[in-house]
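Look for subunit A in each of the two complexes below; its partner is subunit B in the first and subunit C in the second.
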Partner chain A sequence: MSHENRSKLNEIIATLLEVEAESLSNDCSPETIEHWDSLNHLNICVAVEQEFGITLTTDEMVAIRNVGDLVALLNTKNVVCA
Partner chain B sequence: MKHGEDNLTSMVAAAATDHPGAARAIDRLITIAPMFRSAARDMLRAYGTTFLRRADDRVAEIDFLCDGDAERFDEAVRAYVRFCMEFARKQAEFLRTGRYSFQDFDEMCAELYDDNDAVQNFYLFALLFSFIFSPNYYEFYDFFETEFLPHVHDTGCVCEIGCGHGVYLGKTLAAHHSTTGVAIDISPAALEVAQRMLGYYQIGSQRVEFAQDDLRHRLRRDDGCAQAVICCEVLEHLPDPQRALHELRRILGEGGTALLSAAIRMESVDHLYVFRTHDEVIEMIEKAGLRLEASRVIPLAKGNMQDEEERRRLAEDPRVPVGFICRASPK
Partner chain C sequence: MNTAIQVLASVLDGFSNPPTTIEIARATKLLGALDAEQAGLKPLKVGIVSSFTFDPLARNLVIRGYVDGFRIDPTVSPFGQYIQELVSPNSALANSQPDVVVVAVRLQDSCPALYERFNELDAASNDAIVTEWQENFRRALVAFRRHFDAPILCCNYEQPAHPSMGLADARSPVSQRKTITAMNRFLDDLVVEIGSFHVVDIDNLAGRVGRARWQDPKLWYWGRIPIATENQWAYVGEIVRVLRATAGKARKVLALDCDNTLWGGVLGDVGRDGIALGHDYPGNAFVALQKRALDLYHRGVVLVVASKNEHSAVLDVFENHPEMVLRPKHISAFAVNWDPKPQNLQQVAAKLNLNLDSFVFVDDHPVECAMMREMVPSVKVVHLPQDPAQYERTLASLDCFDQLSVSEEDRQRGEMYRREARRAEFRAEADGLESFYAGLNMQMTIAVNDESTIARVAQLTQRTNQFNMTTRRRTESEILDLMRSQGVDVCTARLIDRFGDNGIVGLAIVGRDSHDAVLDTFLMSCRVLGRTVESSFLAWIGCMLREAGIRTLEGQFVPTSKNKPFADFYASWGMSLKHRADDGAERWTYDLEESSEALTIPPWIKVETLA
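Showing the complex of A and B:
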């Protein structure tokens, strides 16, 4: 299940940021991915909410600084990602 | 793009000597919210040293309001980041529904304007940082400085309605020493901030009055009392902007100048009236007895904003939010 969630998450991020899903690691961030701007940041959050049926607050969205932060946040909402 | 190719860090380092305020604002923004790197980079590329100079000015104002406290400055940056994320989320919803989330002014007041802490520690700081990093607000300020300030007379009263943080009024009174000012806002908390801002601009109490009033109704001002009226980022917050424009015209004296702005198809934390096109705004302004003297249309989209044709094309795109600002005079 956790691998499946991680694959879905990577697919969301890869599609929105126009990168290869296989290239994504927890360290990937707006500093390393050109298209990760504030609008795409929101798009990722909204897509994650829809995919996993959860809600993110504005403060939670703002606190996400890289893929690892998003994975950790999802874990706290019982969406376990490997 | 891989790590290291983003040259924002070196651009900021190069600017730090001449523009320490701007460099600090960028550094704090991208440290607190790395997803704003491209926004900062785009502003630097688009507006160059003018951007840096203005950012220095805004940072000095924000620092003054924060009493030079670095932690409060960071909280102000966070306010801006939250404001942007809420804007983006609400804008997406607006594009889906065609409606702004607030349908009622009183509900909006209860949510924001009546909450002194939210006004002073979230809303007004967010607006001040918007002047630095959001192209529509940045260009509003540019229009104010280049297209409005030179047209203000050196005597008489300048009235800012919906003054918020008070930067426009402070700059105007500082540039025109023989004028007096009136700062009007519905929020007492905003008036407190404006009073501090006018203090920053060394405008003494003998030159400026602060008044709580409500542009939905008749203002407690005489006909033709102002030689200049500033009403920026206000019309879209009102249920009846046409009525408000008539009221602005009433207090504007013959030969006077008005600075007016409107948000078109642009949701925010407190927008109520949906303007669909900037022509609709112009029509309202003229119907109120004002003549358009100069204007600027600012689409909020990725694109080359230095290219007039591209600007026009984006401004016509119904999916693109647009800022509109103009100078007008009595007919």
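Showing the complex of A and C:
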């Protein structure tokens, strides 16, 4: 389950940021990925809400600094991503 | 079907409603690679000026465009600079040379006081804010119009979810709701003042989806995006809806099934008195559907009945059932028999001289719907939901019949097509063609540069697809310019016959210098074809030009997928082919000095020229 969620998350990020899903690690961030601008940050949050059926608060959205933060946040919402 | 169209269909069919962010992103990638021409898409450069972050909407707009056959190439101007963008001839907007401009400026951004501190305003300060914005905006539009004739689509202003004064807004001397209504009326009135200006009714949309969930505060505070993700698809849908109407893509015919569509139950099983139709459920749901169909009829939608039934039994219901709303006089054609419905609609289309891509087919039966989709994909199929209580709403929400304006001709259309069907019967009775023509008592009234016809003329250029030699679409302001230009004659032909007034059915735009004339546009409404009206109209034009000393008349033909059946018109009229370009465009010519046989108007058409 956690493995599936992780690949789903990678797929979402990869599609929106136009990168390869395999190349994504927890360290990936707006500093390391060219297309990760504020608009795409919002798109990632909205897509994560839609695809996992959860809600993020504005503060939670703003606090995400990299993929690892997003994974940790999803874990707190019972979406376990290893 | 070619691959480009298949890719397009497979991507669009798989969407959720509304599409998710990921679906939009995937579609953007897949469809961006499509060959627009192969997929039959119309390229359209859309310049957007807005007072907020429009980018997510622009992405939706591109995808929504594909649904209606547009390849939209958006240019979003830097947000907040809407006035400069419109006014400056060197703005990002101007430099993008847009085919269409979308103005998405919210009143919350341009006049924030009206929303944020309305209760502080007295009548004078409220007036001052309203007047200042109206003058600024009007000036910007006028300045833009000086350099560009691209149509402007202007989003109107939404009412607040919660009026500042609460319940008291209605009685307040300065009412917030009335102020915003007045602002929207100001936009409606600009339609007349600024040429090719169209309102996108965002206020109506916000009301429809619910003002309370129109915005997502998260998106607004963090991204300056004032429309919730779930509403963005509908928002751009309203824009595309206007684009489609501007491009003249409205559908014209509503074909309705009978059993369990127009009434409840199967007529063949339960008989006329057993069908559900009346004041109580389920009968009232069917009455409501019929009322909605009748309302469309009065807007110019042609009604057709397509049912597998005994013809006489269905006609008996239409004539004699006391609760029927639709009567035989509203129906242009009854295709009631046991033949497949696709075949029936093809015959109806031929009889009414209309293309199948102007048809909408409504049926409750999944198999009939699937068959129609499969056999005649150009027909729009509406599969009614299972619950009859949802029927009327389904029909009311269709926006495929949308036109920019409804003319008197439109309102009479149903009646005209019914007459057309009667003429067809009359034709079958008349023994020879000439006696048929003579029996029609046709009178053609021709007007030249008559400015009262502008709306109809523009509409004819936008909507006529078949007998249209060059298919050049024109806006009302372009027509006005042509009418006022030296050396251009905009000629209209109105036709009256023994069955009634057909309205303006023919249009010719003729450009000329001292010796030669060119038919820039020559078109005829398909309703009146096959009665020598088109050749007589051209004969009249030839005579007029000859009298003015013109020596040659050139006819242009630009082939499209729709006008091919009429490619030989110039030849049959008597012109000779002068040139055929690689793209198939042809130039035909007629020597007005040497020849005259084509210039005779047959005795069965009386021609009157308006001074």
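Everything below uses one rule, namely that the second predicted complex is superposed on the first by the 82 of 82 C-alpha atoms of A that agree within 3 Å, B and C clash if a C-alpha of one lies under 4 Å from a C-alpha of the other, contacts with A are read in each partner's own complex, and residues count from 1 in each chain.
As a convention for this text, a residue touches a chain if its C-beta (ideal position, glycine included) is under 8 Å from a C-beta of that chain, and two chains touch if they have at least 3 such contacts.
All figures in this text were calculated on a predicted structure; none of them were measured in a lab.
In the superposition on chain A, A:I33 contacts subunit B only, with no contact to subunit C. In the superposed model, A:E51 lies in contact with subunit C only, and not with subunit B. Look at A:V62: by the touch rule set out above, it reaches both subunit B and subunit C. In the superposed model, A:E4 lies in contact with neither subunit B nor subunit C. After overlaying the two complexes on the shared chain, residue contacts for A:I12 are found with subunit C alone; subunit B is out of touch. Set against each other, subunit B and subunit C touch different numbers of residues in subunit A, with B touching more. Comparing which residues of subunit A touch subunit B with which touch subunit C, the overlap comprises 38-39, 42, 46, 58, 61-62. Here subunit A touches subunit C in the complex through residues 12, 15-16, 18, 38-39, 42-43, 46-47, 50-51, 57-58, 61-62, going by the rule given at the top.
Against subunit A, in their complex, subunit C makes its touches with residues 20-22, 25-26, 29, 53, 55-56, 217-219, 221-223, 225, 229. Only residues 1-3, 6, 33-39, 78, 81-82, 84-86, 88-89, 92 of subunit B touch subunit A when the two sit together in their complex. Across the interface of their complex, subunit B is touched by residues 29-34, 36-42, 46, 58-59, 61-62, 65-66 of subunit A.
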